[in-house]
Amino acid sequence: MSDTHDKTQTLQTAISDHVPDGASIAFGGMGGRDPEAAAREIIRQEKTGLRVVDDARTTLFDAMVGAGCVDEYVGSWVGTSLISQGHNVRRAVEEGVPKDLTMQDVSNFGSSLMFFAGAMNVPFVPTRSMLGTDIAEHNDDIEVIDDPFGSGEPLAAVPAATPDVAIIHVQQADRHGNAHIYGNTVNDHLKVRAADTTIITCEEIVPSETIAESPELTKIPFYTVDSVVEVPFGSHPWHCYGHYYADLPFYREYGLRSQDYDEFQDWLDEWIVPHEEYLEKVGADRLARLEELEQTINGGKI
Amino acid sequence: MSDTHDKTQTLQTAISDHVPDGASIAFGGMGGRDPEAAAREIIRQEKTGLRVVDDARTTLFDAMVGAGCVDEYVGSWVGTSLISQGHNVRRAVEEGVPKDLTMQDVSNFGSSLMFFAGAMNVPFVPTRSMLGTDIAEHNDDIEVIDDPFGSGEPLAAVPAATPDVAIIHVQQADRHGNAHIYGNTVNDHLKVRAADTTIITCEEIVPSETIAESPELTKIPFYTVDSVVEVPFGSHPWHCYGHYYADLPFYREYGLRSQDYDEFQDWLDEWIVPHEEYLEKVGADRLARLEELEQTINGGKI
Amino acid sequence: MTGETDPEGDSGATNGSPLDVANPDEPADDYSLTELLAVTAAREIDDGEMAFIGVGMSLISGVLAKYTHAPRCQLVTESGYVGSRPPGVVQSISDSVLGVDSLVATDQMQIFVDNQRGLFDVGIIGAGQIDKYGNTNSTVVTGAEGSYENPKVRLPGSGGSNDIMTSCGRTIVMMRQRARAFTSELDYVTAPGYLDGPGAREEFGFPGGGPETVITDMAVFGFDEETKEMYLRSTHPGIDVEEVREMVQWDLNVDDDVETTPVPTRREVAMLRTIDPTDTVLRDTDRIYEIGFDEWADTMERNWKRLMQIEEDK
Amino acid sequence: MTGETDPEGDSGATNGSPLDVANPDEPADDYSLTELLAVTAAREIDDGEMAFIGVGMSLISGVLAKYTHAPRCQLVTESGYVGSRPPGVVQSISDSVLGVDSLVATDQMQIFVDNQRGLFDVGIIGAGQIDKYGNTNSTVVTGAEGSYENPKVRLPGSGGSNDIMTSCGRTIVMMRQRARAFTSELDYVTAPGYLDGPGAREEFGFPGGGPETVITDMAVFGFDEETKEMYLRSTHPGIDVEEVREMVQWDLNVDDDVETTPVPTRREVAMLRTIDPTDTVLRDTDRIYEIGFDEWADTMERNWKRLMQIEEDK
């Protein structure tokens, strides 16, 4: 169904309606346009037993693992990018603190293809990646098959991923869920199609007329979307192309404080609050400076 | 190699350099943004033995078949769209006039997937389309395989298409081959990647700075392109979104005159001329009116 | 039902807005057979649905639905547009008018990926031949002595019809009721109906529901839920059941409550003629050619502006 | 080679344009080990090449190449940007500075589709462990008693490294020369080097050529064309061959003409410090944190503007 009704919700309602305990989730972005506010709301609502089925994941995943929300990860890379390791992820995998985290590895291309297979409703898509390595060996879901056309070459069959929920942050969307993505798309257009349910958080809700002015940028169409939430600065402390630059010092502080589990608990107490409160704590001046930085870099693109 | 040199050529040189007799070719667009001028140049240079590996094809294919350039077609649909059948195609298949045309059918999704498989360098991509029908039966290149994950469901394995040449018409490109496509992309981004060689014809050559202003529209990147030709009105009599509307009366005349083989020969004599001469014959006023019509419809989009 | 009529006739189509026509909800007494087909197909699209439509008649029906009873339906075209409101007849699948108000401009693979995912509710396709299970042929008519390689008539091929029948929620087939078109044995199966009967689609794991309605120039057909066999649902005004039976090679089932196909309203006919002012599709005439380039261009532009005005007035 | 130095030192990095540095082609006498690595990797990228680069060091090397000897190379990042000229250090794979001047903004699948098609010349990846055939591990260190499921150290995982090693024209590996990092037996093979020796890649039909160069904090290694085994190509200034041998678990082959790794020029060092003004990558310090938000933002902005000025002046 085209579902051209108004799908707007509050962040709290979107998460409580669409993310039950035990859900499998794919998050959008990748060290840029990450739905950080939505992930914080998941932590705030104390969701448990989640299965994160994803590509490369940084802060939001590490924080969710440290908060005990996640039991399993299927994906290509975890860490917190450049300036720190994923301390909570390491603690969970290596020491079972706060609880065990099961890891299932794919390569980056593998993660794209598992969502593509899910999006196109086939059991698998073949690739040459991962052959001859332990990724195919240890990931029981990947089958090595023979080329049915008789070339004699093996192929890795990447199984379809169909997460329960995709949560994607974008620059702008209309009330029906048509979402414009400026800059790179990463795997977001695939995730919304592979998932059963999609939540879009966006910097700004715009009229459908604005969407129709640049239909080439509608990487996410309304018919794949169930919930639309306006969340300004919804990717902070990460980048949102055309809106604000990453808050590296904030991020660095996360990296340092998450080294120690108790210290990380304090970080959670301090920063896992409703989004409006979070933004107040970060401070309007600081947010404005991040917008200014991005304007200097990519000014005028949106 | 990134090949960031100047790739501009004349239409005549581009076709004579990159389209040898016997080549397999995929054309861009689909009843809109079709590289009509390039196809007329192929006819003018009397190329023979071509294998058109493609999706749905209209006028340009019908004319090439009638001119005796084509021996084989692999694709999803042939005709001349709304207002006439593909008379030359029918004559060639049904009567062998002017020569036999071998047909190999796929569905539209099948045509997308054969280029996708070629673009991603795997022998095949699986789909549910074409199963249980004579398409999979009569097309010997399609294999029906079992789901290797044991669902018991069959899948149609669509083999990779890797044509020798892709010829694509776009609104704007820079000298290195970065091409912006406004409106729909059809299968063009896949064809340039599946093909060994790509010729881009464009309404206008623009500076790379113009490309960088909207990098989301660069559906064809320079590193897949070998030749760039500026061909204003290169899709006439078809549409070019944002530039000019289709010349339906011209097209209708083609439909009527191609009903008879001798009459079609006269049409060839009249219209298979160098592109500049062709535009003069169509007439500046008429071309301007087509631009005006498109401006009324999609004004301001480019 | 009338045959060819003057397009400047009493429908009001070319005088002011089609919505201004007198007694808009009354049955039209001036409509062509093709117009009846277009209206009948349009009514199969429910408001709010995702409608996957092709060129020609199916596109016209989709556009008509959007401008009349189903303003919230969204049109999907295989070349990559979603949500467009084409202000006029669409000449090709990449017609630049499909860009008008479109919400999504993407590529063909993306559209068919979404189709296979089961995201589209209803598709409309054409066909040359059909059998009692709704399997269709739009590839080759082989004739008695021909073959796929050497057919009697080469048809255009599948286009998207195979993919739509495989995966769309439900499919509407529009075709001409010619002799040998409703056949006991298809020359070639291009798009899968219910294949050889109940359960066959499920065995293949097809995402879509298969054919739901067949609309011809004589009648409308449905499919029995149990047997998956085609049955006669209604005949068009002036056509009786026996005439239809004669044009069907197998022993056709007929609905106990077989009805007469409802005729178009005056508004629907007026709107159709605004959408196709040069009769390109609806009357299959050469008017577009006869009127010459300048008059064609003027007529097209005038009607676009009229439709856009209707949208603005809403 | 020096250790930690004052970033406001004599390199001229923070005084005016890096291209204005005195005696730009002279060897720098003030550079960090990390800066040597970045410069050595940058020099592996030839002008005009398509360079597939990841986060951190490899991105810095790519940016440096583009701003120095290879202005026509084009940077490819896995999140979907091609052709960008990032005016500063890139903090993540979707860093919005990657949008600067980028010619293509697409998606991750498209980038890896193009990679598997063999369209990219050179890739740069990182790794935790490597063996003599250039196979790398960036997934788990199991230790003596651990396993994939219960490792001693969980590393970040493949990211794009598996895909790059499988399909890129040639691959440069950057890593630290720690004990047990150059190992006879990998705990886990994340990315395929030459697997178990000559012919193995061909058997799998890999599109790419495999590892070409390994750059560590002690030395540079190549691979023998015949045996596909790693050999020592050069040692960094102040490091001798024996020191390297001690840090390699197998019996390392050494080039007859083993050299000393060329040191960075003054221009290269100055440029690096402009790209990474807050030492985020190059010196691995906490300066970014210590200086506080306002000074960080001011420093970033000042250096962006400087780099953009360099581009404009060209």
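When the chains are written out, they are named A, B, C and D in that same order, and each has its own residue count from 1.
To be clear about the criterion, contacts are C-beta pairs under 8 Å (C-beta built on N, C-alpha and C of every residue); 3 or more make two chains touch, one makes a residue touch a chain.
Predicted model only: the values in this text are computed from it and were never measured.
Across B-D and B-C, it is B-C that has more C-beta pairs touching. Of all the chains, the one whose CA centre sits at the greatest distance from that of subunit A is C. With centres taken as mean Cα positions, subunit B sits 38 Å from subunit A.
Per-chain Cα centroids separate subunit C from subunit D by 58 Å.
With centres defined as mean CA coordinates, subunit D is found 41 Å away from subunit B. Centroid to centroid, with C-alpha atoms defining each point, subunit B and subunit C lie 26 Å apart. Shown for subunit A are the residues that touch two or more other chains, namely 116, 120-122, 127-128, 151, 153, 182-183, 189, 215-216.
Along subunit D, residues 81, 99, 105-106, 116, 167, 207 each make contact with two or more other chains. Chain contacts in this assembly follow no simple pattern; the graph is neither a line, a ring, a star nor complete.
Checking each pair of chains for touch leaves A-B, A-C, A-D, B-C, B-D. For subunit C in complex with subunit B, the residues that touch the partner chain are 55-56, 78-81, 87, 91-100, 105-109, 112, 115-116, 135, 139, 148-149, 151-154, 156-163, 166-167, 188-192, 195, 200, 204-207, 278, 280-281, 286, 288-289, 292-294, 296-297, 300-301, 304-305. Every residue of subunit A that touches subunit C in the complex is listed here, in rising order: 1-4, 116, 119-122, 178, 189, 193, 208, 211-212, 215-216, 218, 221-224. Remark: subunit B residues 120-128, 143, 145, 147-149, 151, 153, 155, 157, 159, 181-183, 215-217 touch subunit A in the complex.
The residues of subunit B lying in touch with subunit C in their complex are 29-33, 55-56, 58, 75-79, 81-83, 85-86, 89-90, 93-94, 102-103, 105-113, 116, 127-135, 138, 151, 153-154, 182-190, 219, 238-242, 245-253, 256, 286, 289-290, 293-294, 296-298, 301.
Within the complex, the subunit C residues that touch subunit A are 48-50, 72-74, 81-83, 99, 101-106, 110, 113-114, 116-119, 121, 167, 207.
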